[in-house]
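Chains here go by letter, A, B and C, matching the order in which they are written, and residues are numbered from 1 within each.
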């Protein structure tokens, strides 16, 4: 599976982690590999082996200076290509440094994220996937991340599971008020809570908790469409795009001026995952109030301690959630009795409380999947198929269809006689 | 051994952990098995598999409502029998829920404790063991617990080891004053410290530190009788009942109005044990002062942090001792030099300092047992024999002799020519 | 390798850890073996098996009284020879105690350190290695230790690696000012920073970062001589003695009144090492200011928390560094940008940041050794050769040449036409 995932461009860092040329380097683990990231003097981001080739000192303890990382042990210096460009402890006439090259991965910086390609160079996709959240101007976007204590796949499975929203993220009197805690960004944006259409969606989800699912295969992965009854002649459709290998977009948006949110789940190793979260508005900058609300952990973004190291994972800046397993996610039992389904603050923490509890890797032989797990089954087929195909020499096509990724989610109420693929066709197109 | 232990009713929780109907659920590990406990709307205690059958979400993150635990992920709901009684994310016409049943164990609530039977139903003893501490009215009893970092067997072995009391729990000038730290409850009950008979016992134990041991086999396990010289013509006998598989009663009581104390050591897993401690007075309610003294950690009960989770063990409420290995049990070296044998506050913490230091599972091949270890040898014979018998199809009888458990300890001084079994016969009978 | 190391007298404790007769015992791990150390009533230091032979209780929880450690469980008492000298829970007529003897190692107290011999008695060297730091009067010496999270060998390799000083311990404008952070004690002794000769050394090291290395084999191990250009007709030589199996002396001293510093790296187990650090002045007592400067972590000594237990390693007093991996060694990035190479306070912490980052055991198959790694290669040859020889029955000679250890380091500037061994011959002799 790792080999298949390495055919894709991978979001490895937030841009904020390497904010300026010659900033501090970052120790990071991606797909079980220990790396350091840095931005060189020219503004190019390097992503190279975490260890100096000389004596295996970790390059987090380096100086980022004059277009390279200089190991603090003996001054060996590496550029963003992994070349050893200086070896000051060797005699001037030595050509030893020319023989030293460490692993380095091509990177690009785009959409608030540093991307890397960690696969064989002959299969490198020329273009990044054209996510709308990456294409909008910077001030239209919030990009955050957190370290989650679970395998990546069960996290993706949470993202494409439209049926859990009626439970995990719901409030207790939702059927009456429509007030929900489980929909993205716009739910908590000032002014939107009273959006009548939005409150209606909340009521609809509370009243019909057993949606029926359809899958529509696409060049980027698939659309998972969940249908709920909405009055006598209409259906409420929540359409979640799954974009291979680990992206999802939360159903929502659609109204003029409304925002969308989505995730990327990038494996740290088998038992940890980087959860990236994006909120973007296609038509306008996000307001300071919207920023503040998200940063305070009210929406799908997570309150984190960015700087705490996790050297057991060789991570210098762990983005560890403030509300985490060790403090029972600061669950408020009074809140659970009176107002919300879980008593846990934050949609992302609600998700973590479940996904981290399922064991680091869910023992899938203990599951009993039902009719609402269609998207999960489909996801497993797709990624396992991709891995199997590759074993037989069949390359995945997803990494090479960047424009297919110009897609949105949908949350629409349409007449019962309109097929969902027809009724949502325009809505699910990215506009930017 | 686990199979043999599952033939008994097991104390799994304090009643205080599931205090009222629809209270918060508890995540707990017993005999290596991860479970959740809850009290349903009707007041019945459920003890079921910790994981939802659907997607393996931990049921600690549930809502306890209307006679069942409802998983916060997709709302599947389980009753105390483990039946899935609601599956709201499936279509109304689905009968999927009828096919879902998770492990559930029969429970009873009695004596300040929730009991469970975790063995094959055809061998379930109809009646609980009739401990005096369970039979007395609630206000006559204190029941507490702690999480201990050791195998259960070496903890039981501490409980039946009457000879360590002359050392681990002693004070330095005990031979003169009789002041001891190592006998139960009544030692620290206001007014009792000056009990002349009690001080005499302390002096006796200080003066004769090499008791001789006898074992008397009984239907509940055995009595371990430790004999010390007490003047020229008398013996001081401390008689400790070991009640299969993991109960002990501390020698003491006997005077009008005095209390007794005992323990149950229930395996969390191979390297952790729930230490339950009971203090009871057969004839009168315990006073607020006695309660306070125990709760402050002066006697055999332990000061704990009830709510700290230990998710590495899948325990939501760990009852972790305040004075523990990581802080060297807050040993006071000055106190050790001047007053008590260990310098550690609390009889239970003194025991932990030893039992947790012996490695999580004592390497018994390194032991050198002596004449005072008779009870320990007997205990090992009994439990190993029980496990071996079961392998050959011979069921243990202990679980089916509940009235045999109506027994007390003794601490008596009698004439040298009276055999201990005769001299203690009345004393060791429970009176309630 | 462990067998070979056990042919040497080993520094196991600081004398301050067993300061007075009948002081508190210490739980310690040396070469993977769990031990307790204590000073008996007569002032003799015992180093015996950590566990009581009776029931495997850890003897840290003992009373150190009347020439022996008395186990708090049942009062068994051991003398410094490991004899069981009292067994109060056995009958007076029993001779059981005469059959009980636990592991005990011969110890000596000398030079601020408790030494132990942990090998076969027939190979015990009669005399301790005659280090100058041990031979000077107590008030001429500072001896400290820390627990380091790495294998011992990569720590020794840091100590004999004279080339890293031009980098890891350097300051940014060193070529101009000569101000360096990476040389020992005297660098930070008040008054010495402006020592012109000393500043000159700093400039020299900054200007020539690729020293050439020579090895001179000696009866104690070897001298590693690093040569740097120093003006047109001179060389600056830094000569580091490596003394088998794990001692080094930092180049320095030599001027009237100046101090020297050195290390011993004693394995706790394969992934932890006790780093002992010594600073001594051959001719005068160290001043209170020098003491204070070292204790505050400005030089080669480390600020530690002496009393924190590490029961995962069976260590009661861990001497854990205050600036450690879990807090990124309190690196100050501003300091790194403006003044010093690493931004980390303390030479020892700078070393730790590298040595602990290389993995607990450096994966040496990933290294690329260069011309400045000669001493490291020589060290590996020597210790591996010693282990291999022993397998063939050839005993190491180093432990039996105690006077060979009367050696110093050197940091001298001499004419280019004088061979280093000749030019340093007098300097590297210990004078005490």
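Quick notes on this structure:
In this section, contacts are C-beta pairs under 8 Å (C-beta built on N, C-alpha and C of every residue); 3 or more make two chains touch, one makes a residue touch a chain.
No experiment lies behind these values; they were computed from the predicted model shown.
Chain contacts here are complete: no pair of chains fails to touch. The rotation relating chain B to chain C, fitted on Cα atoms, comes to 120°, given as a multiple of 5. Separating the CA-averaged centres of chain A and chain C is a span of 48 Å.
Residue positions of chain C touching 2 or more other chains: there are none. Contacts from chain A toward chain B in the complex involve residues 157, 163-164, 166-168, 209-212, 325-328, 333, 336, 341-342, 350, 353-354, 357-359, 362-364, 366-373. In the complex of the two chains, the chain B residues touching chain A come out as 24, 51, 53-58, 60-61, 63, 71-75, 87-92, 94, 96, 99-100, 309, 311, 316.
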